[in-house]
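Two complexes, one shared chain (chain A), two partners (chain B, chain C).
Let's turn to the complex of A and B:
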C-alpha cells in the first residue's frame, strides 16, 4: 500500500449568508496516496472546489469557516493551524492549479519572476542565480519549447495551453507532496487538454506526488484517476476505484451522469436513441430536502428516501466501494 | 425548389489589423476562408473545431450579423448577401440564432414574457393581445417551462432554464433555420442532455434545420446528420456523422476524436497527441495549415493547400495524404 499523504475526514464547511447558514461541504471523507490520483467529480455547486480551498486553508473567513472534521497532512492537522505555519505548507508541500490560467497568472510579471517568487518564499537557501536556473529547468520539465527565452516572456505572450503549463511549473517548483488540480483543462481545447493530462501523468510518475483532480468531465476521470469520489450537494454519494465505479455504478446519480453523455457507440448509422437525462435540477443548498438530497430527481426513490429513518450514509458494499443510497442499483 | 435550404459558396471573412501611427492596415486575419457547404431542409449540420478556428464567425456571417467579405449565402434560393437592411430584417424572421452564454444573452431587466414578445413585436406577429398571450404560453410549453415563468426575470432561473428561454425566443418568430452557437457548452452534463433532447424534439415537431456549432465532438456527433470540421478558418472535412468517427480521412479529425477522454472503459483507445499549439490565424503556416502538427506531413503539404477531394458523395476532405 502506498503511503497516505493526505486525509480528509468528515469535513464540513459552512458559509454565512443573508438567507442563513449553508453547508457547502457536508461530511466529506477521502484519502490521497503518494503517486495516486483521486478524482472528485460533480456538477457546479456540488462543493468540489470548496473542498479544495478548505485543504489549502483558503476559505475566506468570514463568511466561510471549517465547521467540523479534520484535514491531516502526513499526520499533521491543517485545521486551525496558525497562518504562519500554513503558509509554509501552502504552495510548498501542497500546491494547487486553477481552472483559468488566464486570471491566475499576474499579467505584469514575467513567467520567470512568477516561478522565482515561489522559490524565494519556500527555498530561501537558493541564491538569485540558482533560482533563475531552476525556473528555466521547471519550464523545460513541463515541455515549454526554448525555455531560456520563454522565461522572460509575459503571460499574454503565451497561449492558453502554455499558460496552464506555466501554472503547473509554478505548482511543482517546490516538489509538493500533494497537487490539487481544480478543473485544470476545462478552459482548454481537447487536443491541448490531452497534452496537459499526459504531462500531469508523466510528472506524477517522475515526482511521485498525490493528485486531487477536480472535474465535471467523467471522461477525464476515467482516463487519469485511480480512485473517484462523486459529489452531490456537498456530500460524497459514491466512492470507488475507477474501474469499479465505471463498470458497476451503484448510485442512481452516478449512473445518470454517465448516461447523459453521448457516447460513440452508435457508429452503425442507425437512428440514435434519446439521451438519458436526470430530470429536474440540483436543489438549492437553502432548500435541501430531508433524507436523501437526490430523491426528487431519482427514479428509484421511495418513502424511505424522504428521511423517515434519517439520512443515507456512505456505507461499504464491497472492496473499497462505498455508496450513500437506500436503494443501490444492484 | 431545391432540397437545400441553405447554400454557402466560397464564404470569406477577413478582419483587417490596423497598426502604426496612421492606422494603416498592417495585416489581416482570415477568420473564414473559402468555406462552402449546403444544408438540406430538416437536417442538422454540426460544425466542430477548436477555439479560434472560425466556427462562430462562420455562424454569424451566415445571418450577416458579421458582414462577410466575399462569397454567397443562398437561403431558400435567394442570395441574401445582396439584400438591403429591410429585406434582411424580413429574412431574419426565418433564420434565428441561439448563443452560448444564457447568462449574457438575456436582458436582466426584462421579464421572460417581454423577452419572448420582443421578436414578435419587431416582426409584427400575433398583434392581437389574446393571440400573443396564447402564443407565449405555447412557446413556454414547447420548451417545457412553467406558465408562471412569463412574469419572472432571468436571474430567477438556472442556466438550463435560461437556455430554454433563449430557445423559446428563437422559436417565437417561427423560423425555419436556427444557428445554435455552442448552446450547451456552458451547462452541466445532466442539464446538457435535457437541452440536447429538447432541441432534437423541436426539430422533429417543427421541421427545423440546424447549424449546430460546438467544440464538444460527442454532442455534435450525437445531434448531427452531417459534421463539418474546421481548422484555422478552413473546412477540412465534411461527412455523415457516423462516417466521420472511425472513418475520418483527415489526420486532424482523427486526432480530434482520439483526444476526447472516453468515460467508457470498453472504448479506451490509443491516443494521438498533437504536438504544439494551434498556429496564429494572423500568420498561418504555408501550404496545408495543419502540416506543422501533422504526423503524416510531407514536402507537398508545406507547398500547396490541398484541394477538396471526395471519397463518397457525402464525404469530402482536404488533405494530401488522407488516412
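Let's turn to the complex of A and C:
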C-alpha cells in the first residue's frame, strides 16, 4: 500500500448567501496516496472545485467557511491552521492548476518570472542564478521547446496548451506531495488534452506526487485515475477503484454519466447506439429534497428514496467499493 | 516596431486632425459667430467703419485665405495680437502658463498619489466597513458642486480663519506660494472623490481575475499579490486616467482661476470669452487640441511599458 499523503474526512463547506446558508460540500471523504491519482467526478455545481479550494485553504471567507470535517496532510490538520503556516504549504507541498490556462497566468510578467516567484517564496536558499536555471529546467520538464528562449516570453505569446504546461511547471517547481488539477484539460483541444494528461502521468511517475484530478469527463478519468469519487450535490455518491467503477457502476447517477459518453465502434467508426442523457436538472442547493438528492432524476426511485428511513449513506459493498444508494444497481 | 518610428508616424497622423480642428475653429468663428466688427463698434457703427474693420482684420478676403491663416497660426504658433489687450497672444500664453501650473501640478500629483494609496487600501479591505465608509464619503464629496467648495473655502478658511490668502497672485517664488495653497487644497477636495472611486474600480476589476487566484495558490501574501500582481495590471487603466488629465493642468482651472484672480490660462480664457476676444479664444482652442493629441500619444507609448500585450501598430 502506498503512503497516504492527504486525507479528507467528512468535509463540510458552507456558504452564507442572501437566501440562507448552503452546504456546497457536505460530508466528503477521500484519500490521496503517493504516486496515485484520485478522480473527483461530477456535474457543474456538485462541489468538486469547492472541495479543492478547501484543501488549498482558499475558500473565500466570508461568505464561505469550512464548517466541519478534517483535512489532514501527512498527519497534520489543515483546517483552522494559521494563514502564515498554510501559505508555506500552499504552492509548495500542495499545488494546484486550474481550468482556465488562458487567464490563469499574469499577463504582465514573463513566464520565467512567474516560475521564479514560487521558487523565491518556498526555496529561499536558491540564489538568482539557480532560480533562473531551475525555471528553464521546469519548462524543459513540461515539454516546452527551446525553454531558454521561452522563459523570457509573456503568456500571450503562448498557446493554451503551452500555458497549461507553464501552469504545471509552476505547480511542480517545488515538487509538491499533492497536485490538485481542477479540470486541467477542459478548455483545451482534444489532441492537446491527451498531451497534457500524458504529461501529468509522466511527471507523476518521475516525481511521485499524489494527484487529485477534478473533472466532469469520465473519459479523462478512465485514462488517468486509480480511484474515483463521484460527487452529486456536494456529496460523494459512489467511490471505487477505476476498474470496478467502470465495470460495475452501482449508483444510477454513475451509470447515467457513463451512458452519456459518446461511444464509437473502433473498427468501423460508426456510432454504436443512441446517446443517453440524465433527465432533469441538478436540484438547487437551496431546495434539496429530503432523502436521496438524485431521486427526481432516477429511474429506480421508490418511496424509500423520499427519505422515510432517512438519507442514504455511503456504505461498503465490498472491495473498497462504496455507494450511497437505497437501490444499488447489482 | 521601433518606438521612434511609431512616434514620428503618429505625429504625421496628427496633421490631418489638426487641419480638421482648424476647420471647426474657422466655421465657428467666421461663419457662426457674430460679426466681430459689430462687437467692436457696438450698434452704431457706420457702413464705412464696418468695412474698414473688416479690411483691418482681413475678413474681406476669400474664405480659403482666412482658413489658411488659422492653419498657419496652428503650425507656427503665431496667434497674432489680442483685440482687447493688444499684447502678443503667444506671450500672454507663456505668462499665464506658470501661474496655472503652480496650482495644478502640485494639486494633481498630491491628489492622485493620495487617491491611488486610498484605493489600494480600501481594495485590500474590500466589502469591509472601511471600504464602504470611504465609498460613502467619496460619493458625498462628489455630490457637492465645486463652486460651493470654493465659496466656503474662501469665506471660512481664508476670510474667517485667515489661514490662506483670499484671492490674488504675486509672481516669483516664494511670493506665489500663499496664493496657491487654498486652490490646491480645494482641487484636492473636489477631485479626490471621483479619483478614489475610479482607482478603486480599476484595482477591484483586477482582484477578481484568475491570475490572482493562481498567485494565492502559489502561497503569496495578500499584500504581495496586491502590490505586485494586481497593481501592475491596474496600471493600464490608471495611466489612461492620469494622462488624460494632464492637458487640463496646462490649461488651468477656469472656475478656480477666475474666483481666485489667478492670472493663469483659465483666467485668460474666461476673460477672452467675456470680451469676445476671438484671436485669444482661437489660440486656446488650438492649444487644447494639440495638448490632447500629444498626451494621447504619450498614453499609447506608456502602455507598451506596462503591458507587454500592447503592440505599437
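A few remarks follow.
The rule we apply is simple: the second predicted complex is superposed on the first by the 320 of 330 C-alpha atoms of A that agree within 3 Å, B and C clash if a C-alpha of one lies under 4 Å from a C-alpha of the other, contacts with A are read in each partner's own complex, and residues count from 1 in each chain.
One rule holds for everything that comes next: a contact is a pair of C-beta atoms (placed from the backbone, for glycine too) under 8 Å apart; a residue touches a chain by one contact, two chains touch by 3 or more.
Here the structure is a predicted model, which is why all the values come from computation and not from measurement.
When both complexes are superposed on chain A, chain B and chain C sit side by side without a clash. Once chain A of one complex is fitted onto chain A of the other, the partner contacts of A:170 are limited to chain C, with no touch recorded for chain B.
Here the apex is the CA centre of chain A, and the angle it makes with the centres of chain B and chain C after alignment on chain A is 70°, in steps of 10. Within the superposed three-chain arrangement, the count of touched residues of chain A is higher for B, of the candidates chain B and chain C. After overlaying the two complexes on the shared chain, residue contacts for A:89 are found with chain C alone; chain B is out of touch.
In the superposition on chain A, contact is made by A:122 with chain C only, not with chain B. When the two complexes are overlaid on their common chain A, residue A:192 makes contact with chain B while staying clear of chain C.
Once the two complexes are overlaid on the shared chain, A:100 sits against chain C while remaining clear of chain B.
Residue contacts after overlaying the shared chain place A:247 against chain B, while chain C stays out of touching range. Once the two complexes are laid over each other on the shared chain, residue contacts for A:130 go to neither chain B nor chain C.
After superposing the two complexes on chain A, the closest approach between C-alpha atoms of chain B and chain C comes to 5 Å.
Residues 56, 58, 87-92, 95-96, 98, 100, 103-110, 117-118, 121-122, 154, 156, 167, 170-171 of chain A touch chain C in their complex.
Across the interface of their complex, chain B is touched by residues 43-44, 159-162, 189-195, 197-198, 216-224, 243, 246-247, 256-258, 260-269, 272, 274-279, 281-282 of chain A. Interface residues of chain C, counted against chain A in their complex, comprise 209-211, 213-221, 229, 232-233, 306-309. Of all residues in chain B, only 50-51, 158, 160-161, 188-194, 196-197, 200, 215, 217-219, 221-222, 240, 242-243, 245-246, 255-265, 267-268, 271, 273-274, 277-278 touch chain A in the complex they form.
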